[in-house]
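What follows is a short report on a single structure.
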Amino acid sequence: MIQIDIQKKLHGSQGKMDLIVNQSVNRGEFVVLMGESGAGKTTLLRVLAGLEEAKGSIFVGNTEWQNNHKRVSPQQRNIGFVFQDYALFDNMSVEENLFFVNNDKALLNELLVMTELVALRRRNVQGLSGGQKQRVALCRAIMQKPKLLLMDEPFSALDSKMRKRLRTQLKDFHQRFDMTTVMVSHDASEMYALADRVWRMEQGKIIQEGTAHEVLSSQDEKAHYVEVLKLHNAKATVCIAGELLEVEVNNKISVGEEIKVVLQPCLYSNNK
Amino acid sequence: MIQIDIQKKLHGSQGKMDLIVNQSVNRGEFVVLMGESGAGKTTLLRVLAGLEEAKGSIFVGNTEWQNNHKRVSPQQRNIGFVFQDYALFDNMSVEENLFFVNNDKALLNELLVMTELVALRRRNVQGLSGGQKQRVALCRAIMQKPKLLLMDEPFSALDSKMRKRLRTQLKDFHQRFDMTTVMVSHDASEMYALADRVWRMEQGKIIQEGTAHEVLSSQDEKAHYVEVLKLHNAKATVCIAGELLEVEVNNKISVGEEIKVVLQPCLYSNNK
Amino acid sequence: MDFVPFWISFKLAALTTFILFLFALPLAWWLSQTASRTKPFVEALTALPIVLPPSVLGFYLLMALSSHSFLGKFIEDIFGVKLIFSFEGLVVASCFYSLPFMVQPLQSGLEGLNKHMLEASYLAGKSKFQTLFQIALPNIKPSLITALIVTFAHTVGEFGVVLMVGGSIPGETKVASVAIYEMVETMEYGQAHIYAAVMVALSFFVLLAVYIFNHKQKMKMGML
Amino acid sequence: MDFVPFWISFKLAALTTFILFLFALPLAWWLSQTASRTKPFVEALTALPIVLPPSVLGFYLLMALSSHSFLGKFIEDIFGVKLIFSFEGLVVASCFYSLPFMVQPLQSGLEGLNKHMLEASYLAGKSKFQTLFQIALPNIKPSLITALIVTFAHTVGEFGVVLMVGGSIPGETKVASVAIYEMVETMEYGQAHIYAAVMVALSFFVLLAVYIFNHKQKMKMGML
Amino acid sequence: RVAMAANVSYVSKALVTTFHTLYPEITVQVILGSSGKLTAQIKHGAPFDLFMSADMKYPQRLYDEGLAVEKPMVYAKGRLVFFSLRKRDFSRGISFLKDNNINTIAIANPQIAPYGRATKEALIHAKLYKKLQKKFVYAESVSQSVAYAISVADIGIIATAAMYAPQMKPYKNTSHFAEVDTALYSPIEQGIVILKNAKAKQEAKVFYDFMLSKEAKEILKKYGYEVK
């Protein structure tokens, strides 16, 4: 179990802001950290990793990672970290980046196959595309089989197909290596699919925690006011969270207007 | 009108790959470029901006931006560019970054308000969070009031609330300044909300183009096979594209199984 | 205690650093941006002035710059400046000798720059010149400071070339390093110690000021 | 033509560069990572050896290292090495003199590194030492090469300190730069020209080889 | 090992060669340097056996500090010549220096170099020193003033011995150089001492004696030195 009780002064988007986090994470738990840009998510991960100073204490099981007087070095924490800007080793190829962390060839191959990077394994990482870099960063973090996996928006640069696939496989690894995980994400479906618990952060504080369901359903975003994108035969095309839907409408509605929509999904079959 | 007819050799994720694009963009059009990671989206934008060499020609109206022999310099193209890795001027504050491009104070203030960066205007950009940097990059590109706006996943590091707001405002600016725009995005709702036309790229080629509707509905992703996240009173909770939905199910279904769902939205009201 | 040699040293070093900066910058910039095949040759050439012993280099410069030589004559005719036994000559000689110390740190700094940052500036319509001064240089501050300080300090300390080309004329080309050298040669060790101490102290404070300034600025940028 | 001086020069420069690299690297690393208030002082101190004229610095080194001095005596007693008028002494003196040329480029290179890259290495469980050698240095190649080349070239060219501390003993401390200096002094200009030409040519090819190698490697990395 | 002032170096080859024919079993290593530098080095334990200075001051100092075995002996006296790259008329003696077409005069630095001191003495005697001061450029050593003279200066006042260097052959006629009147200055006494911490005392003594011998004096004379 990880017990976090830290404070740190930050410059927020509305002036000075205190990062105050007092939370605990269970062993093997998957926590998704969400929250607006500049809320302090990255800073929290960095404090957990011992990369940034903060007041207060962090306990992992019975060992104290930090108190007000000393900090255990990042080297001794066995943490896998996906940096928001990847932070790959520019002087190395894809596979060298992974081998630098761990020499496990079988795992390396598995990860490269999973992330579709096999053909790029000998390429220098500087020449990769954004999404390719992000995948290397993810592989590198998992490669370490860390006790604690910290990921800062690890899928942000990927297309939705790849995202979905990796999401499932990440869950597998999470269980296989029993990695306690904290992941920053803005994507609702990621939270549902992955999170045991979601923390919602605002202005440096965790203002809400619970299951993805609990946290997300309470959000204002839930109100299904959507823009009418197209009108055709008394049907309006709207887009709800990326899904294109057709709704029957009366004639008073025009394109661009916002309408309230309730979703009534129904099951068709439970086998493909 | 922009006429693109270019070829370039790349190292794709499946070995050598040719970027071959033969497309045109109308004046004032908003094109969203989608496609898997490593498809060549960034490279296409860079070729358009004159930052990378490629064979073939690019015409903008009657002026030739490049042919096989010469290229117009990036300086003369009047392009706003949001880099995937932001590429902010590290030695400058937020507002210096924007003023470097253009001295329009009114526009600067408008953009800072829009992106909620007002309180950070004098902060050095190196100290910003990922999402804050991305917003500065977006502002800097718009600041130029460019003829052609090229954006490489400009919202990828932002939370969905901010994303939605900026999306609307970007559309405004697009119209106000009559900026022909090409934007890389992986987000379906962004495409619906913004795109006049969507290009789908795979392995260096535009394999499909049309409205967001046309391109997205033909995608396999459209098949609504979703994972059952929770079971409760014969109702399954599923997540479709980030939206949490409850579906009536029979008893044979268990958590984790995939079920096929069809959405039947219905209109409730057209006024908030 | 005669402060004139110190003043000349300082003037010489400052001027050399300034002029060299102007010349070395475009060269370093070109070297950092080019993928040309001639690059390694130019790089190797650039480093050459250091491998010759200063007084030998001075000897060759003497030959090259004297009024009997084509180059020296040319400059004398066109600009009316005698490059030998004059302060102007010292500046030219020092520039020649210190070139690598300016070019190399600048070049390695510029090579480490994020290319996208420069491209962003080009796309904003800024010329290479503007980009170099407003984006590239401010972002390679550590290398820039290294280049300036090493060049400055090296010019202050140099005396082989200076002695040869300048002729140790008091008030004109007799810089502090030459003065101290002469004292050691004539076994006026007491005097030499004092001069050397002054020189070291002065230099130390100049350097310290630069570094403290830089340190403070960095702190300010990180904090505000 | 006597090749011994060239051989000594080369040996001296190579050894100095190597030893200095070992000493300067931790210093540069510390300077690049620390936010300590003493940093500017150490930085200014580090640059000082350049501001003294070489022969004056040589004079002080002579005093410090001679068997009459405490330090010289100490080293002689403990290690049994005489540091004056011996090759070992030349190495020590050169290291002292060339220190700034090694420290400064390394430091500015290390300061320009992406901090997250180093942190990623720490998180992978790598020590500072491993991180320095496997991550930091390979990623500051241009600065590393500048540091090595400037130090090497400067040691080859230096003769003021070397002459003073080494005493120009043939086969032992008479390096090429001193040999050329003496030829110029004795007006054997013809000989001097030849030696200088050989030295410049040799240095040029060594430098060129380094730069071409570096160029090729870069090309390979970018392309493959 | 013989530490030799740079200006003696022009004859050093001839001296060493002759010495070798006489004493083939003794090898001589010549170490060149300015007198000041060599003195500093000797003080700090340089492994030299003999010191041939360009004047008497440095060896005397060594003797005073107990670093030399005996009082320094004068082995030769150096003299000065005017030298010009262009042909000149030297017949008017030292006063020709006042000519308007002479803008730079290279002299050895009187503070450092013994030849410089002698030059200064000569010019003061001729009442020209003050007048010409603006035209002087100071060389670190005689050889540097030679370098100046053959490249840039209009006139160099250099050691006679320098005229015997192979480089100077083309100028060895009277239109290029002339002796400075010895009445204007006292020729530079050059001293030799055996050093206290000489390793090879025996051999050093042999060379020392040789330097004061007739054979050596013959050679020195040939190179323009004044010998007793």
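Every chain is named by a letter (A, B, C, D and E) in the order it is written, and numbering of its residues begins at 1.
Heads up, the rule we're going with is that contacts are C-beta pairs under 8 Å (C-beta built on N, C-alpha and C of every residue); 3 or more make two chains touch, one makes a residue touch a chain.
Owing to the predicted nature of the structure, the values given are computational and were not obtained by experimental measurement.
Contact with chain A and chain E alike is made by D. By the document's definition of touch, common neighbours of chain B and chain E comprise C.
Between the chain pairs C-E and D-E, more C-beta pairs are in contact across D-E.
Spacing of chain C relative to chain D, judged by their CA centroids, is 19 angstrom. In whole angstrom, the spacing between the mean C-alpha positions of chain D and chain E is 36. With centres set at the average Cα position, the gap from chain A to chain C is 52 Å. Centre-to-centre, using mean CA coordinates, chain A is 49 Å away from chain D. In chain A, the residues that touch at least two other chains are 85, 123, 127. Chain D has residues 55, 59, 184 in contact with two or more other chains. The residues of chain E that reach two or more other chains are 37, 40, 144, 147, listed in rising order. Pairwise, the chains that touch each other are A-B, A-D, B-C, C-D, C-E, D-E. Residues 49, 51, 73-81, 83, 85, 87-92, 100-101, 122-124, 126-127, 140, 144 of chain A are the ones touching chain D in the complex. If you check the complex, the residues on chain B that touch chain A are 11-15, 34-38, 41-43, 84-85, 116-117, 119-120, 123, 127-132, 134-135, 152-153, 156-163, 186-189, 192-193, 212-213, 216-217, 221, 225, 227, 229-230, 236-250, 252-253, 257-270, 272.
Within the complex formed with chain A, the chain D residues making contact are 114, 116-117, 119-127, 134-135, 138-139, 141, 221-222, 224. If you check the complex, the residues on chain E that touch chain D are 1, 6, 9-10, 29, 31-33, 37, 40-41, 44-48, 141, 143-144, 146-147, 162, 165-168.
Those residues of chain C lying in contact with chain D across their complex are 35, 39-41, 43-45, 47-48, 50-57, 59-60, 100-101, 104-105, 107-109, 111-112, 140, 142-143, 145-146, 149-150, 153-154, 156-160, 177-178, 180-181, 184, 192, 196, 199-200, 203-204, 207-208, 210-212, 214-215, 219.
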